[in-house]
Every structure is written in C-alpha cells, then in structure tokens.
Amino acid sequence: MIKVGIVGGTGYTGVELLRLLAQHPEVELTAVTSRGEAGTLVSDMFPSLRNRVSIKFSDPATSSLDKCDLVFFATPNGIAMQQAQALLDAGVKVIDLAADFRITDVGEWEKWYGMSHASPALVAEAVYGLPEINREQIRSARLVANPGCYPTATQLGFLPLVEAGCIDTDHLIADAKSGVSGAGRKAEVGILFSEAGDNFKAYGVPGHRHLPEIRQGLTRAAGRPVGLTFVPHLTPMIRGIHATLYGRLTKDVDLQALFESRYAKEPFVDVLPAKSHPDTRSVRAANLCRIAVHRPQGGDTVVVLSVIDNLVKGAAGQAVQNMNIMFGLDESTGLMQVPVLP
Amino acid sequence: MIKVGIVGGTGYTGVELLRLLAQHPEVELTAVTSRGEAGTLVSDMFPSLRNRVSIKFSDPATSSLDKCDLVFFATPNGIAMQQAQALLDAGVKVIDLAADFRITDVGEWEKWYGMSHASPALVAEAVYGLPEINREQIRSARLVANPGCYPTATQLGFLPLVEAGCIDTDHLIADAKSGVSGAGRKAEVGILFSEAGDNFKAYGVPGHRHLPEIRQGLTRAAGRPVGLTFVPHLTPMIRGIHATLYGRLTKDVDLQALFESRYAKEPFVDVLPAKSHPDTRSVRAANLCRIAVHRPQGGDTVVVLSVIDNLVKGAAGQAVQNMNIMFGLDESTGLMQVPVLP
Amino acid sequence: MIKVGIVGGTGYTGVELLRLLAQHPEVELTAVTSRGEAGTLVSDMFPSLRNRVSIKFSDPATSSLDKCDLVFFATPNGIAMQQAQALLDAGVKVIDLAADFRITDVGEWEKWYGMSHASPALVAEAVYGLPEINREQIRSARLVANPGCYPTATQLGFLPLVEAGCIDTDHLIADAKSGVSGAGRKAEVGILFSEAGDNFKAYGVPGHRHLPEIRQGLTRAAGRPVGLTFVPHLTPMIRGIHATLYGRLTKDVDLQALFESRYAKEPFVDVLPAKSHPDTRSVRAANLCRIAVHRPQGGDTVVVLSVIDNLVKGAAGQAVQNMNIMFGLDESTGLMQVPVLP
Amino acid sequence: MIKVGIVGGTGYTGVELLRLLAQHPEVELTAVTSRGEAGTLVSDMFPSLRNRVSIKFSDPATSSLDKCDLVFFATPNGIAMQQAQALLDAGVKVIDLAADFRITDVGEWEKWYGMSHASPALVAEAVYGLPEINREQIRSARLVANPGCYPTATQLGFLPLVEAGCIDTDHLIADAKSGVSGAGRKAEVGILFSEAGDNFKAYGVPGHRHLPEIRQGLTRAAGRPVGLTFVPHLTPMIRGIHATLYGRLTKDVDLQALFESRYAKEPFVDVLPAKSHPDTRSVRAANLCRIAVHRPQGGDTVVVLSVIDNLVKGAAGQAVQNMNIMFGLDESTGLMQVPVLP
C-alpha cells in the first residue's frame, strides 16, 4: 500500500483526488492538510465522502507528511515550490497539481505567475507529467509537474500533427471551452451560479497562463518554436473541457490513421471514428481524452476536437495515473470508472 | 459469473444499468435487446461505454434471453408483463425496472396505467424490491418489481415514522422534486433543454402514477390505509430526487434516534446528523439514500429530507442491489462508487 | 418626472431596478450610490445597461439624495434603518427593498436579524408594500417596506384561503423553491455555479428569516395567530420562485371561484384555469404572480401553486409598482414587459 | 397600425416574435396560423403571453393573410417559398425567418437544403435582411430574407475587417457556440435537457447550412470569394450565440478604431472598449450585437468576439427591425428592451 498525503484538500482537485483515492486498491490515505479546516472531518465538508473517507483535515504544521510515500499538492500556485524540497529530502515523492514546476523557463514562469520562484533548481528536475509524452521519465521521477487542464486537452489534440510535421506551427489556434469547476472552489462573484449560468463568454484573450505551458509542450514536440493563439471560454457546465483546434496542413496525410496510430497503445486516449463529434459528457468523471479529427470540405484546414473532464484527465485522474507509473503499478489501477452519462 | 440480459437498453435506466454492470465483477453481459437499434454497437449509441461494453443491440426475437441467469427489463410499462412468464418458465430470474408488477391490486394498476394487465398471476408472485423492507423475500424471489424513483425516496423517508406509529397517517404530504432524466430519454417537447432549463414547475398534481405505489407501501408499513398528498415537480438538473416530507406528530419521540436506529444496518441508507440538509449531488451517480429529519421550532410538524439519484438508488442501482441479494452476493458488490461531486 | 435615487445598486435587486427604471417613462434616474464602486460607470459593471444608464456610481457621502423625490434602498439589511429618517425629514419618500421595516414587532425582528433596530419609530410608520393587501395605505405612505420574495409568493397564494376562513390556519405548510439569484450577488462558495448547479437542496429548515414575515402577514389576514411550517429550497435556475402551499380545508368552497374573485381586479396576479401548473419561466423578467389551486383526488387538502420572478414581483418590480401607487401613476406604468420565454 | 400575420407561430422564433410584437406600438396582430394548433388560444400554448395576446391559432387554409400588410414566416425551411408569391401578388409584404430566400445561388441552396426550390424567381428579388449592410434595399423591399443566427453574429464580426481588406480572406475561421434554443422547439432526443445539459460538443463540422450563407455575405463584402472554416457548437444555455472569429492580418490597422467607426451609426451594434470580453447574457432578450476585437500578444492573428441573442438579433428582433425599415418607422420602434441580466 502506498502511503499518500494531500496538501490542500478543500478545492475541487482535492475532493476529486479523494474520490479517486478512496476507490484505489493500493492506496492508504494518511493525511489531508488544510490550515483553515484542521480538525474538521473531510466528510463534513464533502458529504459525498461520508463513510468512505474517515480522516480529518490536519494542520500542515503537525502533519507527518514526511512519513508518506507520496504527497500530492492540490494547492494554489506558489505553495508546492516552498515545501517540495523538504519532502524530497525526506525521501517522499511529490506530484504538484498546481503550476509551480510546469514551465522550464523560470523567468517566463515568473512573468506569467507574478511571483519569484522559490525553487528554480527543482524546476529543472521536475518531469512534466503528461504520460503520453513522458512516460519513461515519469517512471523514475521524484517530482512530477501535473499538467494543466487546457494544456492536457490541447496538447493531446495537436501532438500527432506537430510530431508528424504536417501543419504550419507558426499559426496554431486553440479555441477552448471549460466548465466552471476549472476556475476552482473560490468565493468569487464571476463564477456564481447567477453569473456563469445561462451565459457564455471568452476570457483572458490578451493572455492566459496556460498559453506558455501549451507553447512549451508543442515547441518540444515540433523541435522549433511554435506560434499559438489560445482563447479560453467559460461555458455553463460543471465539468468538462472541449478544445477545438485549428491548423493549416502543409502536407497531405491520412489524418485518421495518423491519430489512431499515435494513440494506439494509450489506455486513456480514445480516437473516435471519422466524422465524430465527442461530447464532454462522454468522459464525465473518467480519466479519458476523446479526440476526433476533421478536414472540412477537404480544404487545407484541419480541425481537431478534444475533450476531457478537467478534474480527472485534466487534474486528479492524471495525477493518479502518474502515481501509478511512478510506483510501478498497472497504469489503469483505480482509474477504470465508466463515464457518468447522462 | 451471472449471465445477464437486458431488454430495452436505449433509455436512461438502460445505459445506467450498463454503466454499473460493466464495472460489476460477477456479471457477464450476454445480450442487450432493442427492436429499433438491433445491429448497432451499444457504444455507438452511448460513447461513454466505448471500450467497456463491446456487444451490439440484438433483436428481441432472436436473442437467447432464456440462456441468461437474469434478465432486467428496462422497458416502458407494459412490456415485462408480456414476456416475464416465458423467461421464468425457462428458469431465468427477472427484475422489472418498469411498473408492471409494483401494484398488488391489479384493478388499481389498470386504472392508473390505462391498460389491461397481461399477467395478473405474476403480480401476486412478484416481490416489491425495496431491500430495506423486503430483503428476505427478495433473496428467494424469481421475479422482482423494482420500485419507482419517487416511491424509493418517499418510502425510505416516511418508513421510520410510520412503522413507529408516531405520525398522523391520514394526512401525509410528499413534496418531491426530480431531475429531468426521471422523465426518460424520449423525444418530447416538454423535456427539451429550452423548456425544462432555467425553469421549475409542478406536474401531475391531480394524480401521478407513483401515488398508489407509495400509498401501498406505507399502508403495509402502517397496517392500515394511509392518506397521502403527493406533488411531484420538475427541477432543472439531470439526476437527483429530493423528497420533502411532512407529517403531524402524534407522539413525542427522539426523531434522530428513531431514524438512526431504523437504518443502522442498511448499507445504502445514510442518516445525516441533526440539522443537516442533504443535497442531491451528495449521492450523484451512487446507490445511496441520504436522509435528514427535522422538527422546526419544536412544533408538531416533522419534516424529512430524503435524497437519491433517481437513476441509481431510484432505478438501476437498486436493481443491481436486488440482483446481488437474489444471487447470494455481498449486497454491495459493484455498487461502491463514490458520488461524483462537484 | 420623478427624481429617483438608488442606494446600493451593485446587487441583483439593484441591477434589476435599473433595468426597469431605464424603461420607465416617468422616472429620471438621479443617483446610484455605492461606497466601493464610486466613480465607476454603472454600465461598466453591468454591460447590459450600456447606452441605457449613463451615470456613474457615486459616493453616498457626497450624493445629494435629499434632492430626490424617492430613494430606493437596494442594500443589505440594516442600512436603510440608519438613513431613512434623514431622507424622510428632507421630504424624500423611501422604499426599502431590504427587511428593515417589514416586521412590526421590533423584538421579533431583532431576534431573527441579529441586530438592534436603529429606528423603531419608523417601523411603526412604514407600510408593508404588498399592493394586493395594502394599496390604499401605500398611496399615502412616506416609507414603504417592500416585501421579501418568498413572502410575496407565499402570501399571495394563501391569502384567498385565509381571508375566506376555509382552512386550518394552525398547520399551514409552505414548501418553496428559489432560483439562486435570490441569494444575492455575493462572493460565497455555496452559490457558486459548481456548487448550486445540477443540485437541489433544502436550507434553513430550523428557521428562515422570511418565516416571521409570512406569519405576520397571514396572521393579519386571519385575524388570529397562524401556525406555519416554511421550508425553502435552492434550485438550479437563476430567477424564479415556486411556492407549493398545503392546507387542510375546513369548509367546502369553490376554490377556483374564490381565487378568481379575490384577484379579479389585480393587474399583476393571474389565476390560471383549473388543473393548471404554472412554470416559473411564464413570469420570467415580468412583474407577475401566477397561481393555480388544486384539490387532489377531491380530498380535504388544498394545494396552491404560486410563481413569481424573485427579482421582479419579488423585489424590484414590486418596488416600482409601489412607486407608481405612491406617486399617483397608473400602477402598470413601466411594468408591462412580456415574460421572456424560452 | 401595421396589420401583421404570422405563419407558423408555435416555434421559438414564433413565440419570440409574438413577445416583441405584443409590445410594438404600431402593430396590430391579425392572425397566427398553425395547422396543428388551429383553434387553440396562443396563450394556452405559451402562458407567458396570457392577457397580452388574445387571438387563437387559425387554420392556414381559412386565414385571410392576404388582408395583412405584412406576413412573417416563422416556419421550417421550404414553406415560405411555396406561399410567398401569392401574398406578394396580393400586395402583402413578406419577411421569411427561415432560409428559403437567403442564398442567391439556387443550385447551392438546393444542395445544402436537400430540396428543389419552388420559387427561384423570388430568390432573385429577395433582399438579404441584414440592415447593417442592406438598409437601403430593405427600405423598398417586398420580400426580405431574414438572416440566420450564426450568419448574423459571424458577418457582423468579420465585416469591418473584410471591408477594410486587412485580413487574409482565404482562411477565415469562425468558431461559434449556440444556446440550445437555436435548434428549435422540436421533439428530438439530442436537445433534451438530459442530453444537452451539463455538456458541450461541436456538430456539423463536415458542413453546416449556415456556411454557404456566411460565405456569400463575406464574399460580397470582400469582392472576391472567401475561404471559411465554420465550426458550430452546442452549449448548455437557452439563448445566445458567441462567435469567436480568427483571421490573419495582412496590414497594420487600428482595429479598435476600425470597428468603432464601422458601427458608429448602427443602433443595434455595440463595439466594446479594447480588451473587453462580451458575455451572451449582456444581450439576452434584446436586439443587440456586442463586439470586441483583440490582437493577442500583438501578433498577426486578430480575434473578434461577437455575441447576440439568437432569438432576437439572430431571428425575431432582426425581423422586426426589418419591418420597421420597410414601413418607414424609426428603426428602434418596439425594440428598446433592456437586456435581462442576471
């Protein structure tokens, strides 16, 4: 049994991690810390976990996280970078679900996240936890930077094209739509039911923090800098990301075959038949990315549709997938939930 | 392994049954019939089941349902009553998720359902599949009538009070609210997104088919005829039933202790602490009923709040629970999914 | 033209008041105050008002509200009671959309609202602004206490029965469901989209502030103290209240005729034909209450269904209706918007 | 007073037209026809219109539509083309809200709509009713083809760029998102609440009927054929379209000034300040298009965000705007409703 601790279990990625870990056969949940909620039963805050998670939130100061085999950070940005080194020194592996270790260029990170980085050395060591690219490095990693939700959906959709060198990588367009849980469990007016309900809008068009993360990943895959326009939108649903991706083809390829072959061995990426339109609910509450590729009217524009559940393949599920890889378990252990539809 | 067939797998109770059975360790799914969809892969209709359910819908005429150990009817009312006898004769057990065998009084059934009953004899044999009342009879039943969704939430909420004889059973009130999936996967204008969304309404106030079913169950528990006003409402969510129940107390009792003691050994009924308000999402996609009991301002009116997922404890989950009991399995087998929140 | 000021225009009742007043032919909007937003264009905060409301939020300290003919308070509870007297002394009429002047019994008010009342004398003077009961007093009032949303829907539904003396007023039950905008435009976790969406729950069952307000109104109508169980629920829609009301009949009356005759001359109460089920969207964005009355199965329980838009007939619309009465205008002036459906 | 008839008033564009016409000071509603609902009070089908629309649906065969000054067709595609000629011959003006007269190239129309055109001659006469382009021709038109919803939002967003000749018109991309009411009031499984709710998906990527309509409009504006990739999506809200438009800049222009100047005199197009993100609710239930233009990170990709209410500026409101122009009224008559927010 893997002894697991969670730092910051009061947000949506935290409760989703708890849902998945409570059903994982190889995990023993040891501690869930929260400064504000120390002493409260986890299941008092999240009644969905009654009779399934019996521990209380504990004070970070007194929790023996260094006795764990693995600690997940489900915290806001800027926390893991302060605490990861001590845990690693104590022999504990770390998966950060926030953004602290995702961007290799520390200066770039500091510009987008508006703070100084506390552990530049660890940035260099951390492995970007997208198993479909970095499986082998994850296997031996001490520290994994779990990808963002938009970056997961967008990279998985563009990768086959970029790796095959068949699109103009100077002008990629990612038009992405997210459910509201992607904004977190924070008391903010903009994500109230009466604000975000029955409404649709773009946000962050001048610049969003996931832009450099996606650009970095696609640049690695392309072997040269890519140009990307990234427009996120808020859509009135709870879970789900739908990325609609556009690129100009530079070569004639069998797109369907390209995608199917790229992901043939991936347990959590499902390429749909030609002419399909994946809906986000087809992956709701499951660790899956479903993708369809189109070439409308046979023109030179390729359109990729990529859907995930932002809290699962876009956060907690991918983190568990990374854990499974790091600890030598079957990659699917505890992640075989069938999507909930309707 | 239990060989299972499903008649009519194209509705919401059908796809939910498939979701649960695909994760059940003791079930081998043998056939899913549909006249209209014969030959179609089940997962083409429900992409959430891709790579998890590999069979096609088959024609009822040519499907060897009589080779199954158990057949679920996830059909409209009036189908199971025509086909159950032949299956029983072939030694197949049957669970009907529709209403054909729920009402013992055949005349009453015919009045509310507007058709003649094709198998009155089987009505007498069928066991009403609410395990919290009929567990022992279910164990040895050949034919189980799986309860309706409103009746499950309402009966579980009223039972402790009625059994204890501490409320006026002549004037029970059940104000129930259902998500739209309760109306089924039918092409009807009234349940379109643009009709049922951002809207709330009562329906069936003059009389709803679940009224006689609830009244029958509570009458058995009371040992005398009960009077019930039942008002169902449609609420703009997909899954979930919230029953708000009102009764006049005739004796002074410790309500909290009464409820906790009644359900102490029930694996799928959870009595919340005093002063709680269960929300429907706390049972979303899980086979659970959560209940809270209140006595506002210490008056003589008791208020019970009872929530279920209409497709799980209110339909497919309860059916699987009944199957587990009928086949001597642990009652929780395949039913331990943690609710999906948010 | 009536010179109108609004104190606190940044909440939902504020923006709704602005929507209605911007279309009112006899109103000149003079000032909208907000401490936090002083200097911001109202239409920068609410883009729906672009090109329709051209003024900025102004600082309460420097706004000449005493030059207005009428000031609306669209503030949290406890503000109007501190400022109303000075305005009244300056000859300004006041309508408070909060609760400061709704409860005649100051001690009762202080118990439910958890603060000392700053103007008990004004409580005695204030007229409760439900035109269907108090039209004549409103006409000559200086200070109107605009009713709460639940109290409006509930009282209008019960009034014909209580006034006619045909139900047991010791055991009234009001099961009410509200859209989320009823909770206001406040940064609180419980009303986030991801919390309140696809979810249904009761709240405040042990006691809600609208209970004493409803009880007071029905007690006046009955001429004796009434007993009421009031259970509010949160439903995943933005606007709308649906009150389902239950009472025991003590006399045989023609319920349909009773309701139609009671509201025959009311411009904003619409009694539906027998057997109807009003939906909340049928009054969306309009100053209307629609009511249906039922007697299920001919028993002795009467069921009333009463719907309003909580922000219009339950708040801003009713306030404008009161203004029209106070200033001798036709009561419907500026309030004839057709409901928005779908 | 303009005598107005409506053919086919039972869909969403029909009821929205009725909402607007009921509040229009210069309109007398003479007839609303429906084969299926003849004899039913319009307000029995749409209770939102109680006491505001008093007529019944009438049989098309016996309705004297030829006595009207103007007839709106709010019918499925293929109806107006059969009936318009007779009305025009009788001196009645016609506005078709369906697609029969939108595409000038009859062969192209027949390909996309899958039927033979019954009145090719009228196609040549019809004026495409986008006032921001064709105001003068609309003024003298007998027959107006009211634009589709996606085409309205998309063309208004692209027009300034295309007219100014500052983008590559060979590779335009329109990523559009629609509320579910855009699919109409039809009994179809795909738009049920339980299917379209809490879900997001693209559809029609291989080809959608609005593609040729948009291409035609932009081709006229460009003076040469344009290339367009159009991807529509279904988003879980009732009303609203959000078009996110992408193009490659070929010249350096002041985008903000370009848009502001293009629409300076348009009463129903509102260009937002730089860096804005319009949300669909800011135009809910109002005849408005709000637009923002961005150039992310100063690159060569322009991003335009364009929102409308699909039932108003995208259908019924634009039709009334066209009527006002055709009959010499102030263009805003009856169209000054303030958007409903929240």
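We just call them A, B, C and D in the order they show up, numbering each chain from 1.
Assume a contact is a pair of C-beta atoms (placed from the backbone, for glycine too) under 8 Å apart; a residue touches a chain by one contact, two chains touch by 3 or more.
The structure presented is a predicted model; accordingly, all values stated were derived computationally and were not measured.
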{"item": "Between B-D and B-C, the pair with more C-beta contacts", "value": "B-C"}
{"item": "Chain whose average C-alpha position is farthest from chain D's own", "value": "B"}
{"item": "Gap in Å, rounded to a whole number, between the CA centres of chain B and chain A", "value": "36"}
{"item": "Centre-of-Cα separation between chain D and chain B, whole angstrom", "value": "45"}
{"item": "Length of the line joining the C-alpha centres of chain B and chain C, rounded to whole Å", "value": "39"}
{"item": "Chain C: positions in contact with at least two other chains", "value": "12, 179, 181, 185, 194-195, 197-198, 236-239, 278-279, 281, 284, 342"}
{"item": "Of all residues in chain C, those that touch chain B in their complex", "value": "171, 173, 175, 177, 179, 194-195, 197-203, 205-207, 227, 229-231, 233, 235-240, 242, 244, 246, 248, 275, 277-281, 284, 294, 296-297, 299, 301, 303, 305, 307, 342"}
{"item": "Complex interface listing, chain D residues touching chain C", "value": "12, 15, 19, 22-23, 46-52, 181, 185, 197-198, 238-239, 270, 272, 278-279, 281-286, 290, 336-342"}
{"item": "Complex interface listing, chain B residues touching chain D", "value": "12, 179-181, 185-189, 191-198, 236-238"}
